[in-house]
Each structure stands twice: as C-alpha cells, then as structure tokens.
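Structures given as structure tokens follow.
Same chain, two partners: chain A is paired with chain B first, then with chain C.
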Partner chain A sequence: MTVADAPGTTGPPLDTRRVDAREKVTGRARYAVDRVPENVAYGAWATARIGKGRVVRVDTAAAEAVPGVRLVITRFGPDELHDVGFLMAGGHAVQSLQPLRDDRIAYRGQPVALVVADSLVAATEAAQLITAEYEEEPFTVKIGAEGAETVLQEQAIPLPFLADVKVGDAEAAFAASPVQITGTYEHPAQHAMPMEPNASVVHWEGDRLIVDDTTQNANAVRFGLATQLGIDPADVEVRSPYVGGGFGQKNAMHLHLGPIAVAARRLGRPVKMVLPRPQVFHLGAFRPNTVHQVRLGANEKGELLAAIHEVDQQTSRHDLFPSEITTVSSRLYATPAFRGEQRLVRTDVQTPGFMRSPHESPSMFAFESAMDELAYATGRDPVELRLAHDTPTDPVTGLPFSGRHLAECLRRGAARFGWDARDPEPGSMTAEDGSAVGWGVAAGCYPGGIVPVVAHLSAVADGTLTVGVGGHEFGQGLRSAVALLVARDLGVPVDTVIVRAGDTRVAPQHLTAGSWGTASALPAVQAALGELREALDVPASGDVDVAAAVRATGRPAVAVEATTLAPGQSRDDLAQLDKGVLAIGGPVYPEFVTFSWAAHFVEVRIERTTRRIRVPRVVSVVDCGRVASPVTAASQVRGGVVWGIGQALREESEVDSRFGGFLNTTLEDYPVPVNLDVQQIDVDFIDEPDLRFNPAGVKGVGEICMVGVSAAIANAVHHATGRRMRRLPIRLEHVL
Partner chain B sequence: MACTVNGRDVSLDLDPRESLLDMLREQLALTGTKKGCDQGHCGACTVHVDGRRVLSCLTPAVQVAGQAVTTIEGVAGEDSGLHPLQQAFIDHDALQCGYCTPGQIMSGIACIAEGHCGSDDEIREYMSGNICRCAAYVGIVAAVRQTADAVRNGA
Partner chain C sequence: MRAFSYVAPDTVDATVAALRTAPPGTRILAGGTTLYDLMKLEIETPPAVVDVHRIAELDTIDAGERELVFGAGARMADVADHPVIRTAYPGLAESLWQAASQQLRNMATVGGNLLQRTRCPYFRNGTEFPCNKRDPGSGCAAVGGHDRAHALLGGSDACIATYPGDFAVMLLAFDAVVDVTGPAGERTVPLAGLHVEPGDEPTREHVLAPDELIVRIRVPATPAGRGSTYLKIRDRESYAFALAAAAVGLTVDADGTVGDCRIGLGGVATRPWRATEAEQTLIGGPLTPQTARRAGEAAFAGARSGAENGFRIELGVRTVADALRIAGERATR
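Here is the complex of A and B:
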C-alpha cells in the first residue's frame, strides 16, 4: 500500500499515514475516561421503567445501604441545575429535558436517580436497587400511531433553511405528466452507537471545573455547563483530544455532565461516569424514523417534469429536531418543478438528533429508489438517466454550484464496476452457486458547510511546529489533514508537526459535524501558515528551513494566529463562536452553492435457499474537492460504505407500543456490520479542488460517502429479485 | 488475588464482582484496554490470559489468579518498538477513531497464533467478534493477513 505521495515541494516524499495511528495501536491515546484521578468516585443512573408519566416516589433506601455509596440524588434544585436548552433551539444540550429537575417522565429510559459511590461495582449495584412509584400516562412511540402529533416544520420553526422547497408548480406539473412514479418509503429509527460510549470524568480545582469528555462539541459542554451551573465559561475547561467515534451522537452536551459536576462539588472528589451501553440508546441522539412520499412526473423519455418529496419525521414531545431531508433531494437533478415538505411528528422518546448523514442518507434512499423506478418505467439505463439530469446550476436558487463532478463520479464508477455488462432485466443474473445477482446504482449529495475557526501555529527553534485548532478528531483524520497541509506548505516532514485539537485550552471548539470540520479548519491553518511566513520573514511560498528561520528572529519561538469564516459570514458569526453557539455557513453562499457528490455501484448476491443477502463488492466515487489526506479519506469512504450496508440490511431501533422506549438496546440486539459482512470496497476520488468554496479547495467527505449507498443496495436487490424494497432494513423475509 | 500483567507481578484486594477489564483500567491504570459494551458483545476489551484471547469485561478479575495477563501495553517487544501487527495496522490504516483498535490487535495476534488465517474469509470470520463501528474492516483483514503471511514465511 502507498504510504507516500509526491510532495508539492522539493523535499522527500511525504508520509501520508494517519498521524495519530501510533498512539492508537499502542493503547497510549488518551480517551475521555482513560484518566484515573486519585480518589475518584463513580456515577450511575437509575432509569424509569414506564413509557410516560410522573414519578410519585423514588425508594432509595436499599441503594443508600450499599457499602461505598456516597450520594443518591433524585432531585436537583432549580438553582442547582439551570435550563440549558436543546442544541437545535439555540442551547447546548442533547435535549431540553434535563432529568432530575422535576417529576415528569417523558419516555422509558429517562433517569430518575443518580448514584455516586467509591467503586463502579457499588454504584452499579445501588442503581439497580432503586425503585420508583409512578403515575402512568398513555404514550406513543410510533409516528403513525394515535397520540402522535404532527406539525408543519415551516410553521413550527420559521427559519429560511428549514422552509418548504418550492420551485415552479410541482403539483400541476406532476398531474400533467404522462409518466408518474409514486412511492412511500420508510426509513427506521437507528442509533449511531460509536464504540466509545458517552463517558466523562470531572473535577473541581477551586472554582474551576475540569472536564474530560468524549464530545464533538467541547464548546457546547463548556458553555452548557457554565449555563447549567451558573458559572463563568472561562472557568470551565473541556478536553477531548481523542474521541472513540462520534457520528453525530456526541454533537451536544450530554445529560449526566451537570449532575456529576454537582456531585463532584458536593463530595469534593473527581467523579467518573461511563454510560452502560443500554443507556446510550435512551440518553442520546438517534436517527429518527422517517416516512417519505415521493412522486416523480416525467415524459415518456424519462425526462423529469416534476418531483415532490414529502416527509414525516419523528421528533420528541419536548423538542423539535428539524428535518433537512429535501435540502438534498431538491439539488440532485435538473427538474423544472420541485416541491419539498417536511412535517415533524411528536412522539414520546428522547429527542432525536444527528447520526452520520442524518437527513441525506434517508432522503437519498427514498429519492434514488424512486429514480430507479423511473428508469425501469421508461426503459432507460439507470446511469444514463442520471447523467441526463446533470446540472451546473442549483435548481433551487439558480446559483452556480461551486463544483459538481457528479457526472464524472457516475461515469468513472460505471467503468470501474463494469456496469456495461449488466442485463437490466430483473432476476436475469445468477452466480455460479445459484445465488441471484443484482447490480444497483445510486447517487448522493451532501451540503458543503463551513464554520468559523481559529488556528494557532507556533514554530520553535528545533524546527517543531505546533498547530492548535478548532475542531475535534474522532477518527475522520482531521489531525492528519492539518499535519499534511503544514508539511506540504513548508516542505517539512509530517512528524515535525504536532496537531492539538478538541481542547478548549488551545482554541474555541465549535461543533465538529456536518462534514465541515476539515473544510473549516484547513483554510484557517492555511491562513496561519501565511502569517507564520511573514513573521519568519520568509518568502510566501516554497520550502522553509523552520529551525533556521526561527533562530534568525532571535526568539525561542514564533507564534501566530488566524481566524477564518465561511463565505459571506461576518464578525457577528465569530461572536457566536465565542458564546459557544452554532455559526454554520452554507450550503447556499452569496454567489454559489456547495455540495459534495458521490456515485455508488453495488453488487448484491442473494443465496438460493437461505435468501441471505450479501454485498460482495461496492465501487464508490466521491467528489469532495481536493483530497486533503488520501489515506484517511479513503478510510472514511470505506467506513461510510459499510455504514450504508448496515443502514440497508441490518440496523433498526425497534419499539413496541406496549412498553415505550427502544427494545433492542445492546450491540447484540442492534446488529451493526461486522468484519464478515464486508468484502470488496473500491474507492476513487475525483480530487478536483473546489477553490470557490475555500482556498484549500476541500469539501466534506465523511458523510457523502454514505449517502446513496442504501439506495444502491435496495436497487440492486430489485435487480436481483424484481421486488421493490421501500422499507429499510431489507431482511431475508423480504426476499423469500 | 495475584497474577501477572504484562510480565509484572500484581497483587490486589478485589470485590469478587469486579471484572478483569475494570481491574486493568481502574486499579492498574492500564487504559489501553477499552470498554465498548461491558456485555461481551463488542470485543473492545479483548486481552490474553495465558496466551488465549478473552473478553475482559466478562471475566471476573479473581478468576485470573495465578495466570498471565497480556494487554495492548504488553505486546511490543522489549525494545519498546511495535509488534508487527501494530505496525501493519498503521501501514494499512486499519483504524479510524482507534477505540476498538487495542481489542482488534489482541484478537488479531490470537487469530494468527490460532492458525485461523487460511483465507481472507477465515480471517473475517475469526475477527468478527470485534466490532469496529468506524468500519476499518478492509484494513484490519489486510493487516492480519500480512502479519500472518510474514509469520508463516518465517519473517
């Protein structure tokens, strides 16, 4: 395998391997709770066992009698834990409902008591001994069931980017279309389940609160805790240098942080808390259940005349988690008329949230399945039909796309896959062992966002460079991309560059999600490199002998800082960052619109007797602008493809109207793809810089790589069997 | 309870319910071994006991009395370099977030020693007890295969 690439400069080839891999393979990387402070105490939740209602009485006597138990808390005073608010409503937390502040039980699995003990064994035992008396109320966990309450998103959250999409008169155009495709597609609720569960250790140094947390948003933790505890954000330090997977599940402050901070203050000891895996299913974000009604109108040649995408998306009773489902379906193809409508359905669950390509992959499952139906209805090849609807301008705003190489993704993918050899007739292809073979294709797009980032860069006389940057590293390769940028720019070895990320001590830590992390951080680092060259008095480009240049200044070290914003953003957005509030630019900018693009080609095989569905090979071609870090980007794409396999064939968070909450809350009952589920994944990049978007030319890669995969699998299953799969996951009973 | 961990003698007073995983992490501060589920479902906590791979979250710590425990911190040679499989994980980018990685490497070393590396499919099967949510599976198989081949060729 290649570990080096041609440098932009005259130095030796750059080592492009992941820069923090050595720490990770040796076990030396320090994740949130890999700190074992002296005298640490352990926290554990006891949780509600009803679907909804009120707590009348919590019996803590047995728990308190467990040796080693120091605290059992069933209620915090209003002045002890203030309101923080839901991340998507201007707050910082995973939901507005903070447990243990009143007697309300909104859903099964909500905490009713916190235990803190000298050992984890004692805390766990005590939490299990806690019982409660409840007043039960009727509840609803399904979006189609009685008691679910539907609101129109456009009216409920009047923000422009969440409004209905209206281009032309789509209803009239659809009604007049000679070819009409109508389908209802359902995407289940799913849980991200990063391998590292939500976990934290907190302690007080006088009035300062020190927090090690696993988070994609250290700013939310910092400002959320400051708000919740009524202290100065300057007194809260949050460190999250290594995150064991995020996938959106760690986008906001979690609910145990405030309570354990209070407990730590009361006890005068550090407190550690690791959520047991089953509790992770009820205490953090999940991808909400969605039902999509898609209607495509076309002429006999398959040319789109109208597209309509209506969505019902689950939310909680206490918060509105907004839907951006039609943001992508309205951008994928040239259509004279489009209508997108998003409705939110209140159910009795914790507030849903982000999970890798949160809206985009369900959206594309529905929309790209419908496009496949259109291809079959009009006798067009599915690749060729998509190519025929390419467009350089955004159908919604009329602005140009800053970069759109979707057609090239489709052409290159088709060639690599050998699409030409496909017999379009469903059920026509068979493997040697008798398995039915299906080949499917789907495309996808993902919005290009940018957030304000501050980067600090320092050079010392031994030639070492340290970058402190806004952004979290959770495996996507941010550290590697930053180190490679610096190494390429200055012509220095990668291992002389130290990257510090995910730490409020080094830079403000905006939420790292939405695939904007690298596209936001690299321009800031690039700007800092310019500042550094000036401070070192070296030319604006070309190799730099960093050690010599620092020595020549007569100072032991030279430190610079740079801040960058999204196109069209102002100082006000930077002020938002300083308050810990989201400040996201895009995908619509003043002069252009930015998306990442991908095409996926999938082969499925369905065994003759067992009907087991396997995915022996996938070809994915991605347009994510310039590829900043080739090794880690390819891993991102392979990972995203596997997520698509899980989404299509495995993952569903099940509910039962009799019980409330989620049922399959272990990694055994919630099956994510394992090694044996994955075979050949062939990845290619267009690798064309998108320089209108940002001077580094990079767009997001970590989510686009998943968008469309599940649709390609569903389309491949149709090709193998002749049966349309309009609900995920596809299980063997659906292909019997 | 007395055992050895990475060749060092360890002697501790333990609650009989404490898992080997919590003993390693919380008592000995050997935090390279990870907790992914605490239920035996994910493999993140894999260590070796007398050379066999075990899930340390399902193993009561008292049960390893008199036995030799090896964790990710103990697999490299005396020269504190890297075990060949650790190096292969770096070279094949067989990781992303790194959280499952210590468990993958402990399982991989055992998989090679068990002789379960006859084909890529056999490696996949015998590495399927270790979930990687980042899904670095292609790299994991490549790293285990390369290391197994090197062992077989006497490298």
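Here is the complex of A and C:
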C-alpha cells in the first residue's frame, strides 16, 4: 500500500499523523514519572549485594540519621502485604516473590529495605547507606551450570497452549530424512529499557487509593494492590494515560507499589518512587536466556519432512515463566511432522518475562537460521525455499489461517530489495571499499490474540466525540488508530475525536500486550459507532453531521457503550476482565487460526580489516491485516527493525557467575543501537483486511515487525563470510 | 550522592586560593561529565567541590605557529571544531569528536577529559564487586571475570582497568605537555609522564597532587599533524568506548620514506600508550601494508590477554595498520 490515506467518503484527506504527537514533543503529555503532587515523599530501595541467601541483620542506623528520612522499612507484616502471585500463574505481579516479607534473598539486586524521605536526594543517600549481614548460599545464574534445575514445561504447567507440539512422528521422519540439518542456537538474556523507568505516585483519599503508574496493565495494578492490601478493587483507581515505553516490561504490577502504598498510608502523604536504571535491570522482566536445538529433515530437493525444535528457557527459582517458543516455529511452514519441546531452567534471578516479541524473535532466530542452512544444504534459493513451504492451513490444528499473506510479503520484499541480483555463494559479493556484502532473508509470524474490550462513545452538541476504551497507549499508536477509525466512519475531522485510554475510570483496562491492543479495541469502537448511529437516528453508513444529529435528539449529549469479545469467547470471559484476570483469545479460534506475518530482507557490510558489521538497508514487508493507522504502524515497523539490529548485533545482559545479578546495568554498558547504527529501513504493508478475524480487519503489527529481523541479519552475515552465526549478539570478534 | 560544599571561583588565582584551604578529598569540577556520574554512584564522595567550569581565562584555544595551546577549560566540542585543528591536526579533531556524544562534548573540557576515570563495570557498579581501585586490598573482580573491554597493556595482578580516553592518546603521540598550578606553584608535566600504570597501587592514576589544577595543554607544532588520524574501533558507531584505537602521525619524504612516525594506542592499556618500538620499525623505511602490519604487531608484542579480550590484540594490530594507511594518505596528499 501507499501510506497516503483518505476517508472512505468525500472531503479532504484525513490527517493521519500521531494524534498525541504535539503533546509529547512539547512536554505537555504528563507521564507518571512527571507527577509531583504537593507534599510528596520519595521512596528508594536498598538492594541485596549477595547472589542468594538470607538476611541476618539490616543496619539502618546511618540511613535513619540522614536529615529528611521519614521511614526505613525492612520488613512488612503478613497482614500488611498479602500474596499477589505471578502474572503468569494467575496473579498480578511481575513475580511471586514480594521483597521485605521474609529473610529470603533469591537473587542479587532484590530489595532489602525501603527508605522514604522528604527529598529524592535524601532517600537515595539513605538507601545507599544501608548495609546488611547475610548468610550466603550457593547460586546459579546460567543455563547449564551446576545447580540449574530443568523441568519439562508440559508437566510443570499443564495448560493446553503450553504443551509440547506433536504433529506426526517427527523423530522417525527426521531419522529417515536424507538431508538432516542440526543446529544449536543460543539467544542471550536481554533487557527492555523503556526510557520512562518504572515509576509510580500513590496517595490515599480516605479509603481510596489513587495510583499514577507507568503500566501496560492498570487492571493488574488495581487488582494486585487490592489483593495485596486487602481492600476493595473498587477503591483503587489507576491512571496511566501515557507510558514512556513498555515493551512488555510493564505488563504486571511492580514490587514497589504495595510498599509505597503502605508508606503513604503511614505517613499520610503521597509517595513517589522511580526506579534507578540499575534497579530496573533487577526488578523488572527481562527476556530470558534460551538455548535451542533445531533439527530439520528434508529430501534432496529441500522439501521438509520433519522439523524438531527443542528449547531450554531460563526462569527464576520461584516462578515458571512459560515458553511459547514453538508456537510460531510450528506454524511458519508446511511440514508433515513437527515436534516442539519446551523446558524451563530454574536459576537464581528475578522472574523473567516479556520483552517485545518475547518468544517469537528468539524462536525465529533459531528456526529461520536453520531454514537458511537447509537452503544452502540443498542448493535452493532461501526465498524460493520458503515460498515452496507456504500453506493456507495451520500445520498444527489443520484449521485454515484466517489470513496468511506471507508469500506475498516474501515476493514483494524480494522485488523491493533486488534479491534477484544476489549471488548465493558466501563471500562472493564485495563493496567498493572492500567490505564483504551479505544479503539475508527471514520470515516471521506472531499469534493473533484478542481480549474482551469495553468501549464508551459519547457525542456532544458541538460535535466533539469522546472515546473511553480499554487499552493502554505506550507509543504504539492505539489512540491514533481509534481516532482514525471514528473519523473515517463518521466523516469527521480527526481532531474532533478525543480518546481516553489506560485509565480505570473510563473502562476496564486489560493487559495491553501481545499485539492485541488495537485488534481488540477497534472492533469494540466500531460496535460503539454502530450503537451511536442508532442512538443518533442516522443511517448505518455515510458521513454524519454529529453536532446537528446530537441537537436533533434534544439532549446535550448522547452516550453509548459496546463490548466485544474474541471469536468463541462468552460473557464469562468478560467477567474475567472485570475480576482483573487475563482472558486472552487466540491464536486458535473455533473455526480458524490467526497470525500476523512478515518477511525481512537485510544487507550487511563487514569491513575488510577491522570487521565492524553494518546494516545499510533493511526491507520489511508486513501482513498485519488492514493498516489502521499508517503513520504509527510504519513507525512501529521501523522501531521493530531497529530493535532487531540491537538484538542481533548489540544487546546482551551479562552475568558474572561469581556474583549473580546482571553486570551491565546502565544504558552506557548495555549497548543499544545509536542513530548512526541505523541506515535505510524500507517498510511496506500488504494491507489486506483480515475480516474473518474481526470486523475491523486488523491484526497486530507492533510485535511481528521485529520477528525474523535477527535471523535475517545472521543469515546475511553468513552470506558475507561463510560463517554460520549460532549465537547472538554477533560482534566483530566473531567475524574477525 | 553525599552532601558537599561548593565554590565557583572566577579566576585561576582564586581557585588556587580555594584549593589551599580546601578539606582533604576536595575535587575540582570542570564539565562534570565524569565526576557527577561517580558521585551519584558514590565512588567519589568529595566533601567539597571547586567548580572551574566558568573561568574565562581557562576557556581558550590558540593555534599558534610554534605550538597549539588549549586552555584546560576549552570544551571538547570547540577544540574538535576549530578550523586549524581540523585541517592541520585531523587526528586531534577525530580523537575528540569520536568521544562521547555531542551533548557531552559541549559540556566536557579538554583538561577534565585527560583525567577521566575508567569505565570498568566492577569499579563502577557496586561495592559487592572487589576492586583495588575503589577499595584497596579488596581484590580485582575483572581478573577472571568479564574482561572483554579490559587492558591488554600496562595491567597488573591488582588492576587491568582500561584508561578510557581518546584525546590524551593523540596528545601523547604529539609529545604534548600540560601546565599545572597549585598552592605549591606552577610546573610542567609531559603527557608521557602524567598517567601511571596501576602496579600494586591502582588508586593512583596520575602524578598530579589533589590540589593541582591543569591550566593548559601545549602541543608542539609538527608537520606530522597533517598526516595524522585517530582510528577508533568500537561496538557501535558512536557513543562507545574503544575496543581498540590507534593515534598515528606521520611525515613521508618525497621518495616514500617514513620520516617522523608517532603511534599511540587507545582503549587497550591502563594509561595512554605510546608504541615506541612500533614507530622505530617504520622510520626510515617505506610504508606498505606489510610494514604497517609489522608495526602493529610490534605495538602489541607485549600484550597480555585474559578470558575474553584476546581478540583485541589482532584487532589492535589491524587498527594500527589501518591508521597508518590513512595517515600515510594524508601525509602525502
């Protein structure tokens, strides 16, 4: 598609720019971290300096002597902070282990004391003055090290969607295959580092707790705090209208919220807490280390006969962060036999969690690297081999895909990139300056989820429309997509539409993650538009003079509400949302299976002598159904590609086995790409609505755009050098 | 960060007077791009800070016929952008603009830059990590740990922390000196004698007394300036410290013979490193890919690697060879 956009009817072209761009660039947008209520006190953690063990004694005397310190808390009573539970085990928190409830230290960096003071300076200084005596215990921070404990996910978490994938007899088919590809691929631990660190401001209004938080899941904060403090969820109000980046790191309630709520109640004043960057590395989710064994069996022509994908994925000692690595590798290509096995490895770290395309990008790094190896082993072009394994039906369930335009993504991407000019021989292409040139391709898919959403829509006599909807805006463009939908539908200017999101006062706030935010919100808003048209007594389609229609009703305002569910869901699932429980539909629905699809084409250039690896251009073609908001969707894809460059060539969360915790915990030491690392990124969309999936025809874009990028880069490095890169990140020492 | 007292004298004389009466542990503050970081990390906990950032007489650049004179308070960005520096000493300009980011270079001073402290994560990231530089006698976590960025040259069993700067390496290659002043009077220290190797006393990083202030940097004019380059190889294209860097200045005679040759190594040693033996292999002979490679090998002949940093020896050799090629092209242009 072209990115130009026009309303469905007459009138000037719609303004498709990001609707809150002006607020953001002028600093008027108020993030949680910006809020400084009157008389606020500041919280700060002191953290454990051992890898594992027990706290014998915490010395708080020096901290308490710092002028301005109001509270130093080393232990909360069991009745002060109740269990909340890990998000992925039916709870609401980033992990089950709530600090300051007992003497157990599960990992380096776990808090041992909370300081609250009149100023941030005093709180920080006091926290740094806190020391502790410990009884140390042996610990393990790496997969494969002594003390790491491996469990079979299928047995440990008996949920159908986390079970081993078994299609046919893959082991037998592999053993009988004339061509066998076997590779072990390792993806390091990585941390998402949103520019807005985890930050909260809490205050009490009588028995009501008001929370300004930076979260993708205000519901988890609301119900988590209610559970933790033993209060009614109706008395917890959570506001998160702007989030300075989430990426999954803000999917659950963070561990400081309960403690500062208690402190705010004790002090009778608001308490604010912003985690310093090194603490964000130890208190939030991270992408766990994974080790993949991929085996592909094929005939001499390269036709897949079997695929086997086994993975060991790091988790914490106290929680099981489930793996969905094989959910995508089992869906990408037609193969008569597939076996996926996911194992979880307990180590002494905080509980890992979600980080943009959390399972899918590591999965595709391994699987799409193996597919490239198969292409070379059988003398087939990597694009053509992938096209030959296209399938309209889901290989796992046999159901049809609701939409799958992966082949078109590959064809169009190859044309835009100029793939035909590629000499397949590794090391055969050289740039004018002597750099080795490598061209690589990889595909990816991402599950299509939908959650129940409630949308409120009101119109007033001056023509202003206000949408209150479930879903958080963290830069991905949810607000823009909703505003554009309303403006297109009614034929009104975008700036007459106000979208309120991320606030428990306007609608139940589901966990906005997994690329289901827009695909869930738009159908609800579309249904509400239908309700509004009825309430205004206007035709079911066509432009509406909203102001006139409202005036004609004789009322000052007309308000409607609509609720939508995932295909196959019932009102029970909506009730789950009202209880703060996850109710996620998909990717397998009663009559079809839904994924988003992408193909990435990458050029790398590797310097002749000092071997720096550069990425001068990337072409990405995405099938995300209909493109709801062209500007923000293209921005999402560029961001995903940039992150894929970081994932492939830069980022690794380092651990030192002697000390535990993470070592490179600042943005200086954790190398993400800088502007100079990012050159040309060419984005294209298929833009075919997936109307079987939902009436708006939209699927997720924010996650799929990153899936496969790292594999395409690794494949390009192989093409440039002849060396197969089976571990990320790829750095110059690997190609020296 | 701990509370501290703060004074901002207007002149160098007033600074010296303030330093005379300052409590032990007082730190001189210039751009603050390193000191504030270290104070937030509580690695530096000075009771008092003397701020020299706005002293006009220190913020000077004089590109004279006989020498270049940079006031210690000149901003890195201003020196990097100076037209004479850019054309007659491109290596000096490159060593500055490849450091940090534009925002940091706008604040940071060239005097402060000379004394910036190591980025060793075990030094910076917490008291749980043994570090002889931060806590003498506690040991060195980098030895046997993640040493990918640590020093190959000039290390000891007590410390292998890399000197992170770039500018000092190029200055060393150009035989620069620094003029310092303090309550005990003025003196001149050659750059080659400014920094010290850690030995068994890693807390000591340079020869200046705590109450001495660098007032200017002087670089003798040299035709090797035009034939100079600072080649910095790092993990990303900007805002990163060097994995290996080479500071090279050359003159090449009409017959292709190398006349003057200066080679400094950055990011690979515990102090700015001059590769004198490597220089000698080239002087009086031709500059070819083979002789350049041999010079690089000579530069790293004494390198000692640990668990993860061994690749930087070969990378360093190639970086020196590439820098020699670039400098040679400039010298003969």
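Going forward, the second predicted complex is superposed on the first by the 732 of 736 C-alpha atoms of A that agree within 3 Å, B and C clash if a C-alpha of one lies under 4 Å from a C-alpha of the other, contacts with A are read in each partner's own complex, and residues count from 1 in each chain.
Convention: a contact is a pair of C-beta atoms (placed from the backbone, for glycine too) under 8 Å apart; a residue touches a chain by one contact, two chains touch by 3 or more.
This structure is a prediction, so every number in the text was calculated from the model and none was measured.
Novice: Based on the superposed arrangement around chain A, label chain B with chain C as either clash or fit.
Specialist: fit
Novice: Does the superposition put A:277 against chain B (first), chain C (second), both, or neither?
Specialist: Only chain B is touched by A:277; chain C is not.
Novice: If you stack the two complexes on chain A, which partner ends up touching A:594: first (chain B), second (chain C), both, or neither?
Specialist: After superposing on A, A:594 lies clear of both chain B and chain C.
Novice: For A:733 in the superposed arrangement: first (chain B), second (chain C), both or neither?
Specialist: Second partner only, chain C.
Novice: Given the superposition on chain A, which partner contacts more residues in chain A: chain B or chain C?
Specialist: Comparing chain B with chain C, the partner touching more chain A residues is B.
Novice: Mind working out whether A:217 is in touch with chain B, chain C, both or neither, as first, second, both or neither?
Specialist: Touch status of A:217: no partner.
Novice: Scan A:673 for contacts with chain B and chain C and give back first, second, both or neither.
Specialist: In the superposition, A:673 touches chain B and chain C alike.
Novice: State whether A:200 touches chain B only (first), chain C only (second), both chains, or neither.
Specialist: neither
Novice: Let me test your reading of the model: by the given contact rule, A:128 touches which partner, first (chain B), second (chain C), both or neither?
Specialist: In the superposed model, A:128 contacts chain C only, not chain B.
Novice: Does chain B (first) or chain C (second) touch A:31, or do both, or does neither?
Specialist: A:31 contacts chain B only, not chain C.
Novice: How far apart, in Å, are the nearest Cα atoms of chain B and chain C after the overlay?
Specialist: Superposed model gives a least chain B-chain C C-alpha distance of 5 Å.
Novice: Across the two complexes, find the residues of chain A that touch chain B and also touch chain C.
Specialist: 121, 125, 668, 673-677
Novice: Contact residues on chain A for chain C in the complex?
Specialist: Result: residues 49-50, 108, 121, 124-125, 128, 278, 609-612, 614, 650, 654, 656, 658-659, 663-665, 668-669, 671, 673-677, 731-733, 736 of chain A touch chain C.
Novice: Going by the contact rule set out above, which residues of chain C touch chain A in the complex?
Specialist: On the chain C side, the touching residues are 1-3, 42, 119, 121, 125-129, 141, 144-146, 233, 235-240, 243-244, 311, 314-315, 318-319, 321-322.
Novice: Where on chain B is chain A touching in the complex?
Specialist: For chain B paired with chain A, touching residues are 15, 17-18, 22, 25-26, 29-39, 41-42, 44, 71-73, 76, 82, 86-87, 89-93, 95-102, 105, 121, 123-125, 127-142.
Novice: Considering the complex alone, what residue numbers of chain A touch chain B?
Specialist: Residues 1, 3, 17-18, 20-31, 33-36, 119-121, 125, 192-197, 242-247, 274, 276-277, 474-477, 631-632, 634-636, 638-639, 641-643, 666-668, 672-678, 681.
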